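Each of the two complexes below includes chain A, the first together with chain B, the second together with chain C.
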Partner chain A sequence: MPLLPPRWRLVALGVAVLSLPIAAGLIWLLLSGVFDKIHGLLPVGRPTLENWRFLSQGVGGRPPIYVPLLNTALFAVLVAALEVIIASMAAYAISRMSFPGRAVYLGLVLVLHAFPAVSLIIAIFYMLRLLGLFDTLIGVILVKASLELPLGIWLMKGFFDYLSWDMEMAALVDGMSRWTVFWKVAFPLVRPGLLALGTFALLSAWGEFILPFTLIVSSQRAMMATYLQSFLTEAFADYGMAAAVGLFYALPVLLLFVLGQRYLLNIYGGGVKG
Partner chain B sequence: MKGIPVRLQGLSKSFGKVVALKALDLDVRAGELVAFLGPSGCGKTTTLLMVAGIYVPTEGEIWFDDRRVDHLHPRDRDVGMVFQSYALYPHLTLFDNIAFPLRLKKTAERETRQTVRQTAELLGIAHVLDRRPASVSGGQQQRAALARALVKEPQVLLLDEPLSNLDAQIRIQARAEIRRLQQELGVTSILVTHDQAEALAMADRVAAFSVGELQQFASPDELYARPANAFVAGFVGHPPMNLLKGTFEDGHFAANGVRLPLRTTAKGAGILGVRPEDMRLGGELPAQVLVVEPLGREALVTLDAGGVGVKVLIAEDRRPAVGSNVGVGYDPDRLHLFNAEGQRL
Partner chain C sequence: MARSVAAAAPEQRAAGVGRLVGRYGWPAVFLLPATVLIFLFFLVPVVTTLYLSLTNISVITFRHPQWIGLANYRALLGDPFLPKILGNTARYVVFTLAFNVGMGLLLALLSTSVRQRYGDQIRALWLLPRIMPPVVYVLIWQGLTREAPFGLVSDLTGLSRNWIGAQPWTVLILANGLVGASFGMLIFTSAIRSIPNDLFYAAAVDGATANQTVRRVVLPMLKWPIMFVTAYQTLSLLTSFEYILLLTDGGPGFYTTTVWSLHAYKLALSNYSGNVQFGLGAAMAAFLVLIGIVVSIFYLRIFNYRALVAEPKVEVN
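Coming up: the complex of A and B.
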């Protein structure tokens, strides 16, 4: 095996040291999930599948696992779909049309992106109550999608800006309407961007905790993040099961990341293939 | 396909505070090919996009025959357009690209197939119709773009720098081909180009633009022989015309201490233009050879004539040595005189 040059060995060592806490956390998660007792990172009990019994039955008055699982999946997919569609339409308009207030609007969107969402949470709570959307999936989906939109709009604007106008002009001359040009010509051409944004939104929604924690109370509408959290707030927290649930929660994300990283890298790669 | 006249009337376009085109009046006759010629940013493409219906004019009217079209959506104008980048749809085969406008018009599939095939044969790309744009040559892409523009038998054909992405050799061939096809079909056409040779070679008439204004609208011969102003004089012709700044005095033009006798009654500051091919070595004006550029059949010689730089086109076998002192002369009947504002005198 060829050794790395000395300078790179140093860098590799640095990276390894910095990553140690995260690696330790992951190892703990993995071990706690499959042993009935561990001290630090040392398993002291027997290997067991007891921690995974949440898969087949409701635990401690909680709904069966498929309820938060489906809720979270629905939440993530709908948030991603909403964000991709709305962000690309908004971004297309910003990229292609000149209208009064365009620059101001762009600036405001950027400020919104920088705004910490948590500081809005109480106002959002009241608004959802007022609209009758408190403790509903729809409510939390709308909130999450709106908070993510600024980033999505900026991202998609970048992708549209890269597209040459020629093809859209050609399509107009060929006989398409403005609307069909968007759907049939421009939209497919930014597919790498759509996939990147979609994956991003999906991951972000999948991991969302604060919004479902604040805006959803009934256990029938719990999400994976709040379901997991409920194991840690009990008087006698079952760390083994919490670890198992955590692992279970992380699996789809890992899978998506492996499948989707090509598109995620695209965000930084700058858009359209030359 | 029958050509129709196109009339632009008081047409102007501004983008915010930037004026891209100033009040343009221009008539294109039925079946004529008119070239819009000028450097980038001169308003030629803006004008073309207004005719196509992509841009909405800030002011003015566009008439196709007796139909006013400036407020119409592009698809209702009946124009075909070829773009510099060709703008072929990358995910479709050439066949589907060319069939695209017909399918949007909901033409019967059998008729579509037949028309696409005929057009492709006319342009010599029938054998690559099942390929995607990326897997055919640039020349074939260009023809496919032309076929897509022609397949719906448009009343007006718009060509936006259609040849500038082609290799030099194919370009000469393609320009003759487009011209032949255009004349055969008799379709009224507008060609936008920054290449004066292309404009002169292809067009019935050339509209020369500069900074958003029409400078001259005339036949290629007229444009070359009698440029309306110094801009056209310098832009049309290769190598470009010598333009000397100086003063007209009675019977003379003075520039940098050189006095050139000429028959004129003009007075005051002005510009004297003379094409390199209208000058010769072996005249009465002393000069020194600075550069000699062999161009094959001819050579372009740059001279310093008493502080005035001029270029002279000579036969290749008469090349002088660099640094040598020569005499330079010119044909007094082929001088172009412009006033200080650049207008032809």
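Coming up: the complex of A and C.
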């Protein structure tokens, strides 16, 4: 609002108080990962590396940490790459080309964007079993990338629509094919959109729990989400180590949060899925 | 126009084919990968869900399910726990939605009433639960709600208990709400920002207090965004079960916090009743799929479909 209320500092204080639970959660995670015992938010023990021994050895029959770490990194990177490329191609066609069925296609994308994909998980489980893709990284990557595709197409269509047509027109007149124009001219010009969708896809895949939990069973293909979850379901959970694993797992997200707050606000404010 | 294609001169025909490839070919090339994936992982699963719900598929009959018609649906209606699960679902959706929309609105109003730098910081902080991996987020909730002397909630209230066990619904709604509120917050914030400044100046000249400005100027302009957020989140809450699965797993005890989507998931995919009832789970999921399709088509009608699918402005072919 252009005119701040006269007592806006009081308002700021109020909303800061309202936000305390989130701050408390963050502090708990940071402290619990570092100290050997926490009462409330007060460390009562000394700083310890004991909670971090999962880094150097397999804990409680779990695979060593590099297995879920590499799996998750591979999963997140490939999902983001697939999503960005395939969604951009489709969005480019919808934004720039006139073809029969275009309105129907765009309507389908829009309906699927609102459609809650998680309700399909039972059928997807069954299909992956039949296709022989159950318990494979390929299977869960394809599923994750596909389920976010409508969102990606819709987002990228907005960026292509906003892009001026002049450069592409010039390239076409000079004899470039549509294919070359897309890769050499249009694709580089929507870099902000590619970055936004890529960041969103990376964060979303990095945190994904339900898909690996449902579609992956062998521990060699475990992901960070299921690895951490196995600490929480133990009869006597070791919260110190769980917090250390959680902190380790959330570190890239926290770094992005610290370094790119404004950027994140723009991405999530730009209408990506809630 | 009696001239047939066959009668046309060869070079004309070739040009016609070229035009045909141009008109269909390039769009087809660009749309192919997306179409294959959407077909495989959206359209086929929708049909598969409906099909499986009409079969007796289970662990034993996994590869050779038999058609049993509506028997799963009859079994579902006869389930004595159905009223309990329906009640839980309504409770979960209504209370979480109220928290999400109310808190989102409050945060948007408050964070746009302070210096922008502080407002951005507040909004960024509320984004954190959303971008945090869900399992880490749930771990934090578990840590904060443990018994004294470890859990912060127990320490602050002076009542030592495991709060997830003692107050599962409160914890569930708050945990979901802290994630969900940011969605409304961001949408309402950009709606507030798009209100013309003149309106605020006019209100100030007329001597309106901050309170009156919010009630008479801002809120009426937020009518559509509020409707959108409410509609959108109703659908996603109806089908989401990730945080419930992680926080309470539908317990404690018997079905205490089991909602429709979680029950469907567990019937089909987890062995908690000793026998995986895939068909029954699919029948429950089929309801969600149908509701999802109907409601999302309904959105399109409300939120101005024609403007969204307008033909591209420039086109060469």
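As a convention for this text, the second predicted complex is superposed on the first by the 249 of 274 C-alpha atoms of A that agree within 3 Å, B and C clash if a C-alpha of one lies under 4 Å from a C-alpha of the other, contacts with A are read in each partner's own complex, and residues count from 1 in each chain.
By our rule, contacts are C-beta pairs under 8 Å (C-beta built on N, C-alpha and C of every residue); 3 or more make two chains touch, one makes a residue touch a chain.
Nothing here was measured: the structure is a model prediction, and the numbers come from that model.
In the superposition on chain A, A:Ser119 makes contact with chain C only, not with chain B. By the touch criterion defined above, A:Tyr249 lies against chain C but remains apart from chain B after alignment on the C-alpha atoms of chain A. In the superposition on chain A, A:Met169 contacts both chain B and chain C. Of the two partner chains, neither chain B nor chain C is touched by A:Trp183. Once the two complexes are laid over each other on the shared chain, residue contacts for A:Trp8 go to chain C alone; chain B is not touched. Once chain A of one complex is fitted onto chain A of the other, the partner contacts of A:Ala90 are limited to chain C, with no touch recorded for chain B. Between chain B and chain C, more residues of chain A are touched by C. Annotation: chain A residues 98, 169, 172 touch chain B in one complex and chain C in the other.
On chain C, the positions that touch chain A within their shared complex are 23-24, 26-27, 29-31, 33-35, 37-38, 40-42, 44-46, 48-49, 52, 57, 62, 106-107, 110-115, 118, 120-144, 146, 149-152, 155-156, 174, 178, 180, 182-183, 186-187, 189-190, 192, 195, 197, 200-201, 204, 210, 213, 218, 229, 232-233, 235-236, 238-242, 245-246, 261, 264-265, 268-269, 278, 281-282, 285, 288-289, 292-293, 295-297, 299-300, 305, 308-309, 311-317. On the chain A side of its complex with chain B, the touching residues are 98, 164, 166-167, 169-170, 172-177, 185, 188.
Taken together, the chain B residues at the contact with chain A in this complex read 15-16, 49, 52-54, 73-75, 79-81, 83-87, 89, 91, 100-101, 104-105, 148-149, 152, 158.
Here chain A touches chain C in the complex through residues 1-6, 8-9, 11-12, 14-16, 18-19, 21-26, 28-29, 32, 38-41, 85-87, 89-90, 92-100, 102-103, 105-127, 129, 142-143, 145-147, 149-150, 153, 161, 165, 169, 172, 178-179, 182, 203, 206-207, 209-210, 214, 224-225, 228-229, 231-232, 237, 239, 242-243, 246, 249-250, 253, 256-257, 261-262, 264-265, 268-269, 271, 274, going by the rule given at the top.
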